[in-house]
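The letters A, B, C, D, E and F name the chains in turn, as written, and every chain counts its residues from 1.
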Amino acid sequence: MADKAMLVVSAHSADFVWRAGGAIALHKKNGYRAKVVCLSFGERGESAKLWRKGEMTIEKVKAARREEAERAADILGAEVEFFDLGDYPLRVSDEALMRLVDVYRELQPAFVLSHSQKDPYNFDHPLAMHVAQEARIIAQAEGQNPGQKVVGAPPVYAFEPHQTEQCEWIPNTFLDITEVWETKRRAIECMAGQEHLWDYYTRVALQRGVQAKRNIGITATRDIQYAEGYQRITPTVTGDLS
Amino acid sequence: MADKAMLVVSAHSADFVWRAGGAIALHKKNGYRAKVVCLSFGERGESAKLWRKGEMTIEKVKAARREEAERAADILGAEVEFFDLGDYPLRVSDEALMRLVDVYRELQPAFVLSHSQKDPYNFDHPLAMHVAQEARIIAQAEGQNPGQKVVGAPPVYAFEPHQTEQCEWIPNTFLDITEVWETKRRAIECMAGQEHLWDYYTRVALQRGVQAKRNIGITATRDIQYAEGYQRITPTVTGDLS
Amino acid sequence: MADKAMLVVSAHSADFVWRAGGAIALHKKNGYRAKVVCLSFGERGESAKLWRKGEMTIEKVKAARREEAERAADILGAEVEFFDLGDYPLRVSDEALMRLVDVYRELQPAFVLSHSQKDPYNFDHPLAMHVAQEARIIAQAEGQNPGQKVVGAPPVYAFEPHQTEQCEWIPNTFLDITEVWETKRRAIECMAGQEHLWDYYTRVALQRGVQAKRNIGITATRDIQYAEGYQRITPTVTGDLS
Amino acid sequence: MADKAMLVVSAHSADFVWRAGGAIALHKKNGYRAKVVCLSFGERGESAKLWRKGEMTIEKVKAARREEAERAADILGAEVEFFDLGDYPLRVSDEALMRLVDVYRELQPAFVLSHSQKDPYNFDHPLAMHVAQEARIIAQAEGQNPGQKVVGAPPVYAFEPHQTEQCEWIPNTFLDITEVWETKRRAIECMAGQEHLWDYYTRVALQRGVQAKRNIGITATRDIQYAEGYQRITPTVTGDLS
Amino acid sequence: MADKAMLVVSAHSADFVWRAGGAIALHKKNGYRAKVVCLSFGERGESAKLWRKGEMTIEKVKAARREEAERAADILGAEVEFFDLGDYPLRVSDEALMRLVDVYRELQPAFVLSHSQKDPYNFDHPLAMHVAQEARIIAQAEGQNPGQKVVGAPPVYAFEPHQTEQCEWIPNTFLDITEVWETKRRAIECMAGQEHLWDYYTRVALQRGVQAKRNIGITATRDIQYAEGYQRITPTVTGDLS
Amino acid sequence: MADKAMLVVSAHSADFVWRAGGAIALHKKNGYRAKVVCLSFGERGESAKLWRKGEMTIEKVKAARREEAERAADILGAEVEFFDLGDYPLRVSDEALMRLVDVYRELQPAFVLSHSQKDPYNFDHPLAMHVAQEARIIAQAEGQNPGQKVVGAPPVYAFEPHQTEQCEWIPNTFLDITEVWETKRRAIECMAGQEHLWDYYTRVALQRGVQAKRNIGITATRDIQYAEGYQRITPTVTGDLS
């Protein structure tokens, strides 16, 4: 299993921590290679605390955000690559899209995580998911860099957005992250600029933990305390329905 | 795994064959106990060929349908229980509902299969699913026959309806039934009264097979020829996203 | 074409006038037999003006509503049958359902009109549509009164509810009723107890007329002034797409 | 404002506490009369802890649940009426429906709170909402107990279900309950049999508080810490859009 | 209240009149500043009558449309700014988007009105709404022109499209415009090129008036004759549910 | 009828054969002019077999695909025009959009066929439909090439995608193609590079044939063996509902 890999496509540099940090830490622990692509640093729209410090420039904010993200990725065990495409609004050129196709081809991920397909509070998020899906489709095409190994059909999941119901996001998959929770919390605490969200996302993990338990039934012996919710977008192919 | 069980709730006596015959044969082969509850025989609404023979009574039609269903269940490896509630329209009293609750409690199924939640061509079908879900909820209640072992949270799947798109049924799960296809086809051929559907459902299995292959990717080595589509209604709880 | 027939299933005794009066008058003119089934008189919930007169009884209200409906049906050219099942709430027993099945079998309608499938302002309306569909399905069953001629697959349409958007009703079919508008208006004027709705439904017909014109394009020569909107529920089978 | 009233229709005896306790305490404080109708005690399906004590009977469980609910209602400032219709499954006869109509007529509520319209985990919940809506419609009918004062069009809200996304429940209204949070928490602590939910619903209130703040904008001066989410089902009529 | 403001983002130069003219006049009367941004003049796609005059150029049409819109805005009491981005198709560059962000920052609107999120008859309309939302999000970002005052979270409403049901637009808010109806009608009559729509939108206002009355209940004393329908997209935060 | 025309907008050069080949052959036979616009050749994403041959270049693949498409169009009786815009990803400039507008103006189609509005497996497909609709809207505008004849309101249909349910595509129209099936099959067999799909789409036609029969009812005398499914996007305007 050592050669399995996972890919996270994150609109801003902190999204992968709040929303998929448990999945990264858990799969890393289980032998996966984990790679995160941050399309932007969230420098304009998700760095309010930094801007309020005064004497800030866009480059200083980006540097601070990069450092935080790298430390968090390090704790979780992920490689991180920054595309630096700008935010609020994020715009993705075809050149950037093709760079993401190359990531798919090189990584050959077993599954892909990105944002919800709708988010009325944040238009960068659905765009990131759109790009994650489009790059996956192109990476499957035989005519794209012929000779290179095409990718298979890695399942695509939408991780949890901020206001789930407004985003019409429905978690059909719960990932038990109890055994890596401490790691995720440490990664979260790297996000110095968004300290108000630390407890918010701790509560999210606890609520999803309770719900995960309910969805395996009270008769189950497995003790889940923390979980992450995901919406699987692509169908499952299986040989057993239980 | 010998004590695992599966439950199929079928509105009419042939539905479980067309729509879940592969799942039954496959899980049976893999050590599951399989139980089918037929809420009715489909004696009024799905026995056109029998009625056209002339000199028919409702009892004769029911007997013929029962015999066909029993032979098919036998081939697939399932126990079958007939509730004989009538069809077109099917009506389910609370007494019948509680009989189904008892089946859940006794069987302790690992998963449950029933009809799509909507079917504008057949109102008996969504009712069967509704009842399958309601009985599951009651079987989870501690106050129902206190002392009896409650059921956990077995996943619920909707099997494939006749005109899928009109039923707003979306297959998010494909089950590879290639290795038991011959068994399913033999069970299908028990349905003498609906011979026109034999090839129809053979083509369904072939199409779902092609789609299942596509959903694992062209790089996959597994060769799927026949599949069944299912819509999983309840969330998955897992420790691995690939 | 003289033997074609149409069926309208109306929850209350005035619904068929406001919502399908144009369709009745037009098809009648074109040689159809038109039959209306009123499941109730709308005596409790849609007769406010009568109740305010004082000295009213439920029987007096029903008699007044029946008379109005009969006069309107007469103007439109429809037969009308009252099932008198009560309103607010309407309740439909299986016996009443089977009476409606008999209507289908006798009438052999070429198409069926009833209410929208959802109506948060009026629960009698979606129930009427549900019953209209269920009776149609049973009337198709060979085991229902074997020997009787079964019905084919008459298309089902939902006519226009009062607050269309709240009812999630979408008109995919516009019927040009310009040539029978005067007849419809006269039928509307039979509804003495709901005079405030006369102009409301005249405006509805004008708006739908404008929309119908837009949907054939400004290059079309046909001059539509009044129309009725319908949501076709069942698929069309055709040999020409224009 | 002393004569304004609010109505809560609760499927089981604890639902109104978790889901609408803040709304009750807040409106009570602001001069409303608050009335809760509990259709059942939740004696079979939501009293697991009591049943596990052993030596239990259905009557003992109902008595314990009633006592808890009465104490909680007392703390919140609500009158509570128990219809005792049974749970898992809840069944509502037309007689019970008419009893609820009488409550509407007597109370003349300014708004109504009940469950989400869908809940795959609990079929009693959507039924309670259905009944709350149907009773409201009947209470508006002039022919229902003619002479009695009919009700107007009180807005209907769905309060928060357990697994919101699975229930397709979307909060379009946030109620700031910061000033009555301590009262709600005390009412919650009356629910001795469901202690595991105390912290769960405290976290719900904190998350909704964060979201409410976000929806008034970071420039707002109002400090919201706790909130309840509601889905308003009926339209607003207003003279100002801000 | 003198410093409150409202913003209307209109795809073509007449949209704000038909669809939000009442809201503008009413809020203006109540002390709001009202600003309209017209992204285009509708010169190609909504000026049929002008083009049929012959001897027309795109500049002449734009001038005529501008003059009409300015007169209408003047009657309603609104400032109007033309972005002149072209229509059929409308295209919005990031530069134009940022110009709209500046409008938000300068105006600090209490609420925003724009088109429905879907419109199969007119792709310029949903684009205008998309841009209105995206500009609002960017105007909230601290990193956009740091030091400038960011905007809060002004509610966003979709005003009424031409064929509402096809646009999946659902009015969850009715605005009573009875007291400013005459003003709106005068503004409508400035639209010389679309005289066929004058009566159409008068009927729309009457229908929405009837519906608004129904949604406050027949027991209400407020007499509503004309109304505008809006779909509120963003949640309400409140301290009272009635 | 000789001057009627139909338009097919196909994302890749083979789509029109699998998905609309029957409609083309049938309408051609009935006197229509049929025109197909292929936005790309599908050279990168739908030519796997060609690429695997080795020694391939993009130009060779395009030439091979063009030849296949021309032969198929010839058999079906259609003119075909290639826009050569590239695939995986397809990108449509405003210049290309206007070229399609010109096709509309010249052809004056009686109806238009294109892809489903959603397709998670293929983002080129929904883009093609979007462009087909946007060009239609622009072709209706009086200000587009003033003096040229504008188009009316030709109905728009979405033809069948590969995995229908995932695309949320619902066939509301079945076209009986029994009489031209042999022609369609011959056109299909021109697609040498996708031989694995020949039988797949033959089975699709058989399944739709069975469903079409069911939707006219078992009492109908018309014998349908092969059909194509379409989702009509635009409303029907009619004078008869049967």
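Some notes on this structure:
The rule we apply is simple: a residue touches a chain if its C-beta (ideal position, glycine included) is under 8 Å from a C-beta of that chain, and two chains touch if they have at least 3 such contacts.
Fair warning: this is a prediction, and the values are worked out from it, not measured in the lab.
Note on connectivity: the fewest steps through touching chains from subunit B to subunit F is 1. The chain with its C-alpha centre at the largest distance from the centre of subunit F is D. Should one ask which of C-D and D-E has more C-beta pairs in contact, the pair is D-E.
Centre-to-centre spacing of subunit C and subunit F amounts to 37 Å, using the average Cα coordinate of each chain.
Multi-chain contact residues of subunit F, defined as those touching 2 or more other chains: 48, 121, 140, 166, 171, 214, 218, 234-235. Chain-to-chain contact here is organised irregularly, matching neither a line nor a ring nor a star, and falling short of all pairs touching. Chains touching one another form the pairs A-B, A-D, A-E, A-F, B-C, B-D, B-F, C-D, C-E, C-F, D-E, E-F. Against subunit D, in their complex, subunit A makes its touches with residues 48, 121, 162-166, 168-171, 200, 203-204, 206-207, 210-211, 214, 218. On the subunit C side of its complex with subunit D, the touching residues are 43-45, 47-48, 51-52, 56, 58, 61, 88-89, 91, 120-123, 166.
Contact residues of subunit A toward subunit F in the complex are 94, 97, 133-134, 137-138, 140-144, 146, 233-235.
Against subunit F, the residues of subunit C that register as touching in their complex are 4, 6, 23, 26-27, 30, 110-111, 113, 140, 149-155, 157, 171-176, 212, 214-220, 224, 227, 230, 232, 234-242.
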